[in-house]
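Listed after this line are the structures, all set down as structure tokens.
Okay, so subunit A shows up in both of these, paired with subunit B first and subunit C after.
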Partner chain A sequence: MRITRIVAAFLRAAVLKETAYRAELVGNLFRSLTGIVVAIGGLAVVFSHTSDLSGWKLEQAMVLMGVYYLVQGIVQTALSPSLNEVVQEVRKGTFDYVLLKPVPSLLLSSTRRFVVWHVADVILGGTVIAVGLIRLEAQITVPMAAVFVAVMIGAVAIVFSIWLALTTLVFWFVRVENITMIFQLFFDTGRYPVEIYPFWLRQLLTFVFPVAFITTVPAQTITGREPLVAIWLAPLVGALALLAAARFWRIGLSRYTSASS
Partner chain B sequence: MPPDVSVRDLVKHYVVPERAGGLRASFRSVLRRKHRLVRAVDGISFQVDRGEVVGFLGPNGAGKTTALKVLSGLLHPTDGEVDVLGFTPWDRRAEYLSRITLIMGQRQQLFWDLPAADSFLVNKAVFGIDDAVYTRTVDLLTELLDLGDLLTKPVRQLSLGERMKVELAAGLLHGPRVLFLDEPTIGLDVTMQQRIREFVTAYNAETGATVLLTSHYMADVKALARRVIVIDKGQLLYDGALDGLVRRYAPHKTITVHLERETDLPDLNGQAEILSVEGLQVTVRAGKDDAPEVTGRLLTQLPIADLSVEDPPLEEVIDQVFRGEGP
Partner chain C sequence: MIVRRTTLAGALALTRAEIADMFQYRTQLFIYALWSVIGPIVYLAVWGSIAGDGDVGGLRQSDFAAYYLTFMLVTQLTVAIEIYTFGPMIQQGELSPHLLRPMNPVWVAAARNISYKSVSMLLMIPLWFGFVFILRPEFSVTVGSVALFVAALMLAALLSFLVGTTFALLAFWTTRSYSFWEIWVWLTFLLGGQVAPVELLPGFVQNLATALPMRYTLGFPIEVLLNRLDAGQLALGFALQILWLAAAALTVRAVWRAGIRQYSAVGA
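Now for the complex of A and B:
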């Protein structure tokens, strides 16, 4: 209950802060919308030359694109702003104030900031998924929807874990912006099904940098495509990634508390 | 009653990368880093009782901030034992963190773009403060710090001094029993420094909280702390009453005389040193033991309008301590 109150307090502050800059809000909404229109346009261009992209139809690829924006929206609204804040604060020394609060530092570090307007990506992503599914005339049953939600939670957990692990490097290197850029590069491969990539890259994106679990697997579960890997692996990988990242965070933190000045 | 703060043989060493200036040295350091051991705190022990206000004195890099950070649980010490309110600080238990605060004059915690009141609400949730207690605390802090309408203005519009006042309030919302204040008056103008000092005194009197503070400004220490702990190069040089410090480290008295008319100065037998002669005002420095005799001689041999005998200013005493002079 206390956690809910804490998150609510941060959310309230975030909304207040965003509304203080209304011009920025409008500009960012416009940017989101443009981004997604261009992405769908790109898909349309590809599919004007072929009706089948490594076995994916246009509508299925649209659903995948929608999943990509949905995940990206969730991450950019609720997760990456807080973690970016950690990077800033470690450099400025104000991270000390996080450690002085009687709340687990990981909880505070990952729920403190919200960039509310990124919700636009979530809504747009959801809309694109819905349009894709309607055009596919897909029959979505309740169990299918439940599996999709579970797989999506796994996907968000994976993204969050990778982001958290990269952020944790700040306790050693202080400057980590370049490393998070690399993450974005990999994450961008998730706009397309992993099947389109050469074998070696597909393996890399499935087992090492599990982008496949973030967009391809969720899109497969709901468009009724033959799954790339066993579906239950997705939430499992998510849970394991979270545990590993939390562990890594604790190691980084103990370095901070024994080394910083 | 056990002391609120108890520190025994505290040691904190860091390993820091080291390199010479210049491009070549910096290229070399990318390939092979040299490291150096910094003994920030090197075996200090002290205790602080409930309700005491203690000033930590020391030059830059003496280890004051490091000591406060260990006490507030931010740093693991290399060695030694610390007990604050029955807790080991670096376990960072929630019960412990709810009972202490660390306020750093150079580091802000408030949301920059929002009024402080909004940051306060976040702290209220984080510390799980009751509505009634919260209202009472904010009222008390508003009165003691004279916050007025500062809480409703965005923090970025506040002056440095106003910002420090709301930062102090933000750090005290949860009613901590032990306050660690690191340079709370740094960069503030004299009036605002004065206000902050008065606040700390009033807060200590009102709540009985224990206060450990570091400062560069002697005025802070003089006004606030009856007891001072002097550390330098990680070691404790003095722990005791402020006037004791002066007695111990200032073996001289400064004697100032105003003459009625110009005249030759008497021979002082090497017992005193003439520091300055400005018109009719003469200042001499004499050893503490010689001071009465020197004063007597001045009084009998000179046409004196006025005479005063003083301890040297605290700044001078501290400076002497840090330069390793005196006993």
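Now for the complex of A and C:
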């Protein structure tokens, strides 16, 4: 298919570019590893004072931390590099060249760049999830794993939608380089289960800025905890968020006037 | 360090100019301020939920609220931004014109640091009072602890600035100075009083945190304000803070001298 061929070409170019800077690659991998070790260290400190964090055991919280890094890795590998470029291009007016290509602008804008080494976060996150599950001696059945994958896809769809919606604001405000910091700000609350937050913040993180669906719900699914919200909601929220964000993108796009006009 | 009067006047003029400049970036500064406010909320929620109606190592929910609310202000006032302001100056050769001036360019970094903090504080204070209203902390402070807090805070900000400058100066040699800085930030997260007040760290780690400099850039002033330390711990804390400050000052000096000797601007 044409679209997969295009994305594959972008991916190949990204891998080639990365292999040119091998020392950098090793440094970055070391950084990813340190980041996760520090995060687990933080969990260890917290659980040295309790064995139960709002109903979560250490191993379950580890799985959640793993989910956080997995999603974070996906964002930084595949989502943020392309969308950050959109922000730059709209400001400079070079976004014209994206519109001139015979490919849907949204596809091109969201798959052009990959920062391949961030895959390390995905792998490390997966490892942390696995270690947590083994220490839990969890019985993972095939249907459970399938639900987990579906919920994770929903989570990534939500993240992509939020990021895309924030990026789309560029068509109105032009200077929004920092707006993605707002995403990271809320996303950081997802390092811990949403149950720990006070009522008002929990509502905010479930319904307005659905971080709960990104880390807490997937971790609940796979560790067999009583779900916070009906799990089938997660892929549904993801699909709805995608539709809304794509619609918003089209509205924003119609306002694009290039740089000099 | 002897500071000449002309240098001082220059530094004041620089700071005034930087403050005016800083006002251009209100939205950006507001987002950074928001960051300082929301970040601690995560750990306040963690400890608050563990404490429940009881306590964790003698700290009740209202104590954690006081700790992390103070943390919001202290982190914003002690944050080192030199890796973003001074590092790029060296990397991109913008340092050269500053070298022609009759004062050390580190003053430019200092002026920018002070102006960043003054302007972003203006934006942060209303937010902060909002959180005080929501979280209802219990500040058990005394006149003495406030006075000592101010001293510890100033020393912490200075120490943090010197450490930040040292990491920024690594740009003389490497393009990866940011990665080294990140490791420092992570250590501060663990040992400086962010993930937990230092008194809650497990035994061995707590001793490590007491000895290493990270706590003296962040957690120590908070503990001083909230009367969490006895006289002996206070004296030891201040002694170590001043010791690390002296060490950092000497390091900055040495690193600057070594770096400037082999500096060549882009294109040179």
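In the analysis below, the second predicted complex is superposed on the first by the 257 of 261 C-alpha atoms of A that agree within 3 Å, B and C clash if a C-alpha of one lies under 4 Å from a C-alpha of the other, contacts with A are read in each partner's own complex, and residues count from 1 in each chain.
One rule holds in what follows: a residue touches a chain if its C-beta (ideal position, glycine included) is under 8 Å from a C-beta of that chain, and two chains touch if they have at least 3 such contacts.
Since the structure is predicted, the reported quantities are computational estimates derived from the model, not experimental observations.
A.B. asks: In the overlay, answer first, second, both or neither for which of subunit B and subunit C A:Arg2 touches.
C.D. replies: A:Arg2 contacts subunit B only, not subunit C.
A.B. asks: Quick one: is A:Arg247 in contact with subunit B, with subunit C, with both, or with neither? Answer first, second, both or neither.
C.D. replies: Neither subunit B nor subunit C is touched by A:Arg247.
A.B. asks: Kindly classify A:Arg12 by the partners it touches after superposition: subunit B alone (first), subunit C alone (second), both, or neither?
C.D. replies: first
A.B. asks: I'd like to know which partner A:Asp96 touches here: subunit B for first, subunit C for second, both or neither.
C.D. replies: first
A.B. asks: Considering only the touch criterion stated at the top, classify A:Leu108 as touching first (subunit B), second (subunit C), both, or neither.
C.D. replies: Touch partner of A:Leu108: subunit B, not subunit C.
A.B. asks: In the superposed arrangement, does A:Arg255 touch subunit B (first), subunit C (second), both or neither?
C.D. replies: Neither partner.
A.B. asks: Counting contacts the way the document defines them, which residues of subunit A are shared by the two interfaces, the one with subunit B and the one with subunit C?
C.D. replies: none
A.B. asks: Which part of subunit A faces subunit B closely enough to touch in the complex?
C.D. replies: 2, 5-6, 8-10, 12-13, 16-17, 20, 92-94, 96-97, 99-103, 108, 254, 257-261
A.B. asks: Within the complex, which stretch of subunit C touches subunit A?
C.D. replies: Where subunit C meets subunit A, its residues are 27-28, 31-32, 34-35, 38-39, 41-42, 45-50, 56-57, 134, 176, 179, 182-183, 186-187, 189-190, 195-196, 200-202, 205.
A.B. asks: Can you list the subunit A residues touching subunit C in their complex?
C.D. replies: My answer: residues 24, 27, 31, 34-35, 38, 41-42, 45-46, 48-50, 53-54, 175, 178, 181-182, 185-186, 188-189, 191-192, 195-198, 200-201.
A.B. asks: Quick check on the complex: what are the subunit B residues that touch subunit A?
C.D. replies: 14-16, 40, 65-66, 69, 72-76, 90, 92, 94-98, 101-102, 104, 106-109, 111, 113-114, 118-119, 121-122, 124-128, 154
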